[in-house]
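Each chain carries a letter (A, B, C, D, E and F) given by its place in the written order, and its residues are counted from 1.
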Amino acid sequence: MSDVLSVVDTLCKTPRVGWLQRGVSNAESVCEHVMLVTLLAGEIAAQLNAEGVEVDLTKVLAVAAVHDLAESILGHPGREVRDRVRWEELEEEVIKREFPHFAELFRWYRYETNFVGRVVAFADKLATLIRACRYKKLGFDTDDLIKNLYGKLSKYDDLAHILDLYVARYCPGAGL
Amino acid sequence: MSDVLSVVDTLCKTPRVGWLQRGVSNAESVCEHVMLVTLLAGEIAAQLNAEGVEVDLTKVLAVAAVHDLAESILGHPGREVRDRVRWEELEEEVIKREFPHFAELFRWYRYETNFVGRVVAFADKLATLIRACRYKKLGFDTDDLIKNLYGKLSKYDDLAHILDLYVARYCPGAGL
Amino acid sequence: MSDVLSVVDTLCKTPRVGWLQRGVSNAESVCEHVMLVTLLAGEIAAQLNAEGVEVDLTKVLAVAAVHDLAESILGHPGREVRDRVRWEELEEEVIKREFPHFAELFRWYRYETNFVGRVVAFADKLATLIRACRYKKLGFDTDDLIKNLYGKLSKYDDLAHILDLYVARYCPGAGL
Amino acid sequence: MSDVLSVVDTLCKTPRVGWLQRGVSNAESVCEHVMLVTLLAGEIAAQLNAEGVEVDLTKVLAVAAVHDLAESILGHPGREVRDRVRWEELEEEVIKREFPHFAELFRWYRYETNFVGRVVAFADKLATLIRACRYKKLGFDTDDLIKNLYGKLSKYDDLAHILDLYVARYCPGAGL
Amino acid sequence: MSDVLSVVDTLCKTPRVGWLQRGVSNAESVCEHVMLVTLLAGEIAAQLNAEGVEVDLTKVLAVAAVHDLAESILGHPGREVRDRVRWEELEEEVIKREFPHFAELFRWYRYETNFVGRVVAFADKLATLIRACRYKKLGFDTDDLIKNLYGKLSKYDDLAHILDLYVARYCPGAGL
Amino acid sequence: MSDVLSVVDTLCKTPRVGWLQRGVSNAESVCEHVMLVTLLAGEIAAQLNAEGVEVDLTKVLAVAAVHDLAESILGHPGREVRDRVRWEELEEEVIKREFPHFAELFRWYRYETNFVGRVVAFADKLATLIRACRYKKLGFDTDDLIKNLYGKLSKYDDLAHILDLYVARYCPGAGL
């Protein structure tokens, strides 16, 4: 089992490389991202429940909290590396070995095998979208990413109204 | 409802004041602490399950992930402030108003109203203990805190073997 | 008496929570604020003297330099906490206990018991106003704060021309 | 007159180069040093007053607060640069031009023209000494500096008992 | 010979004071600047070679990599200090003493004694120009610097087309 | 061709993941490492020349300065990722596409196809070794890495005396 201090220290000091490549000097770390995904996923689950759509809030929060743990071992490399190594499988391998007690939760998210995992996968992309909108407001070029993520999020048909809500709130002036 | 970016940015840039007061220049933030509590709580739940003690892993993770959210509004003031304001009640008030969907989970932890909450409350103190041990190893004076936390953790009788395990692993040479 | 290294390390690593809540990632620390208040208070005193209004420059500098020392013990919590605890009294209590030699100077500022204290109290709000204007220029939402502080500063009738001068210099385009 | 935001931003983001050269990665900035000198000078003045030695506390605080302002224009270069340019004169020139209202206070300190200035000059060196002792405790090589500063501080005969007090408190194990 | 860890730690933690004075809180360090100069100088050399103008790529990279090493001893003081001390001579003195093996390369750059040195001197100014353009885009006032550097760079007649190319790419909207 | 600002910003804000995993909170970035390799490689080349062993100093510096540029695109992932993707080939691919003018220099280093490249490859490992020794002195656990790197460096038979020299200087007390 991994050293928990090492895990946290790595996640919380590893900047997400996409932001660095766009010039953000104080870029969001992996653990800041995880925290944002967790909050969003929880809010969305609560919203869905309020609409009468059932989804277990605690399961959503739990999955979100552990969904990026593999990056404590793997780091957060560029897109090109992830495309090359079948990143998903590598992540799963690490999770199984280092965090076996979280492996099932991880798979829900990674392969969207159930609605809980689907909500977290949606929140994961949404977190990156709204961060990109914030960085745009501060003067960084994130238009390509905003467009790309909005496209991916739009494919979650049943969550379209959720997407609209967050875009209206966090991405005014982003041209979406 | 709170602005999620504001919540994350505040939690992840707010250093825990106790470390600053002991001279740690790059001190653990509230969100680094939350991440550590979440990992520990999850590990402990898994360990308990392996021992035949039932506790819901996803609930433990969920509670840990949200247990310090009130600090995004309240900040992380010194002990003297917390003692003065009935900190627990103030936290609860904030949670109810800003994160109503997490209010029940918060109460489990804050008042240890069930075993899930108790495990998280234990992990919360344990996270601070092992961070204090790490800082001690780097040359900072944290002996008072180590002693104090160990005392509090020792009162969780049914988790004594868990405490021993973590102390052996993360606090060798701390004189516990 | 407090450990001076602990005091400085805490003040200089504690970000002012209001900036964090508005998304500033590299937010002004308490000691950066103190330095700004000191410079402003000194400039204002010099300006007043030049206008024939007497105020002791060294006393103004001295009061400004120590006016936030209590935060080394108390931290810099959110507005909600300060409103709850009668922050002023708590600060005074800490100053009396930890920095008794500065207690009189602190009271001049906190309760504006004389003109020296009044100038520092004005400079304290002014420092926050011009920082808010700077952050606005960088893309952060500080309009509410700018408006609120300008309102408070406008009540210092005899310093109205000073306020105009600084607003013209540091807040062009802030709509004041 | 200088832009006050520029002055503070420069002082508070300029690391003292001597620490960098000894490998301290999160080194004390000029403004952290100023804050430390101010606190120490104030404590010493209070202590002297308690002993029946008269020295004006507010003047001591005022001088300490402004003693390094020239570095906002000059930066904080290495020893070799300072030795070459008659640093004291250059500082005075900057102060006279940019902060004329503080020029007299600056001279008290720089040329130790009165007891107030002498106390601040002593506190300036003492602040560096106790920071060096702290860094030594964390594993950095500061022995040469500790020795050198202790030598200089020892020449202030009438403040010898003050030196002993601070060394006992902040430099145990430094071999002084 | 200098301690290499001390050299790197100093260069990479010393912010360029001009940016601090313009309010950039996370300002480019000397070593970030060196890296940028090296990349630019290499690109320019390659471009010149492609145009049929001969210049040794490896020599250009080598000179760029060492051109600011003296700042590890001298720090990065303000313009006023550099004007006062005949900075170039002081740098050369330090290089000769601490890095004698790099002294010849340094002189090529500092006195532009050959085309290699001239390309690096050009890249040095260009690196500062395009960083100034980037900071302008983020909301900082760097117009004076942009104008000043563009003027200096325009004097390199034979590299005018290179200048145009970089200005078009990195300074759109800077009014050049 | 890559955006040079993006390249530098990424290299200089990407911490080397191995240090994070060992708990170093202010870990060496890729560009700090590059700077260290460059200085060491230059020193070693000068030393070899002094011994009568010919190696081109400018070529050594040039290769060292560009040897890690691929990480601006790829990031700095954990060992496990690098082992999986044939990291060397991926790096070469990126260099050829993004920095074709540096491709030959890169290959000298990566495949140690000549003595220049061999010296840089040696300096690359040596830079990591002496950083590990420094971190050990500050209280971090780097023993495994120190041992491992020393083993690899010992295989460069003709540079054994160089290794001894640096170990004596930077790793006293590391048990080598």
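One rule holds for everything that comes next: a residue touches a chain if its C-beta (ideal position, glycine included) is under 8 Å from a C-beta of that chain, and two chains touch if they have at least 3 such contacts.
Nothing here was measured: the structure is a model prediction, and the numbers come from that model.
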Moving only between chains that touch, what is the shortest number of steps from chain A to chain E? 1
According to the touch definition, list the chains common to the neighbour sets of chain B and chain E. A, C, D, F
In terms of mean CA position, the chain most removed from chain A is D
Centre-to-centre on C-alpha atoms, which chain is most distant from chain C? F
Interface sides of chain A and chain F: same vs different residues, half threshold: same
Distance between chain D and chain E based on Cα centroids, please, to the nearest Å. 33
Taking each chain's centre as the mean of its CA atoms, chain C sits from chain F at a distance in Å of 48
Based only on mean CA positions, could you tell me how far chain C sits from chain D in angstrom? 23
Go ahead and note the Å separation of the Cα centroids belonging to chain A and chain C. 39
What residues in chain A touch two or more of the other chains? 5, 9, 23, 25-26, 134, 138-139
Pairwise, which chains touch? A-B, A-C, A-E, A-F, B-C, B-D, B-F, C-D, C-E, D-E, D-F, E-F
Mind listing the chain D positions that touch chain E in their complex? 5-6, 9-10, 13-15, 17, 20-23, 25, 27, 72-78, 80-81, 84-85, 90, 94
Residue ranges of chain B touching chain F (in the complex, touch as defined): 26, 134, 137-139
Hey, which residues of chain B end up touching chain A in the complex? 1, 4-5, 7-9, 11-12, 29, 31-32, 34-36, 38-40, 42-43, 45-46, 56-66, 69, 101-102, 105, 130-131, 134, 170
Considering only the defined contacts, which chain C positions touch chain A in the complex? 23, 25-26, 138-140
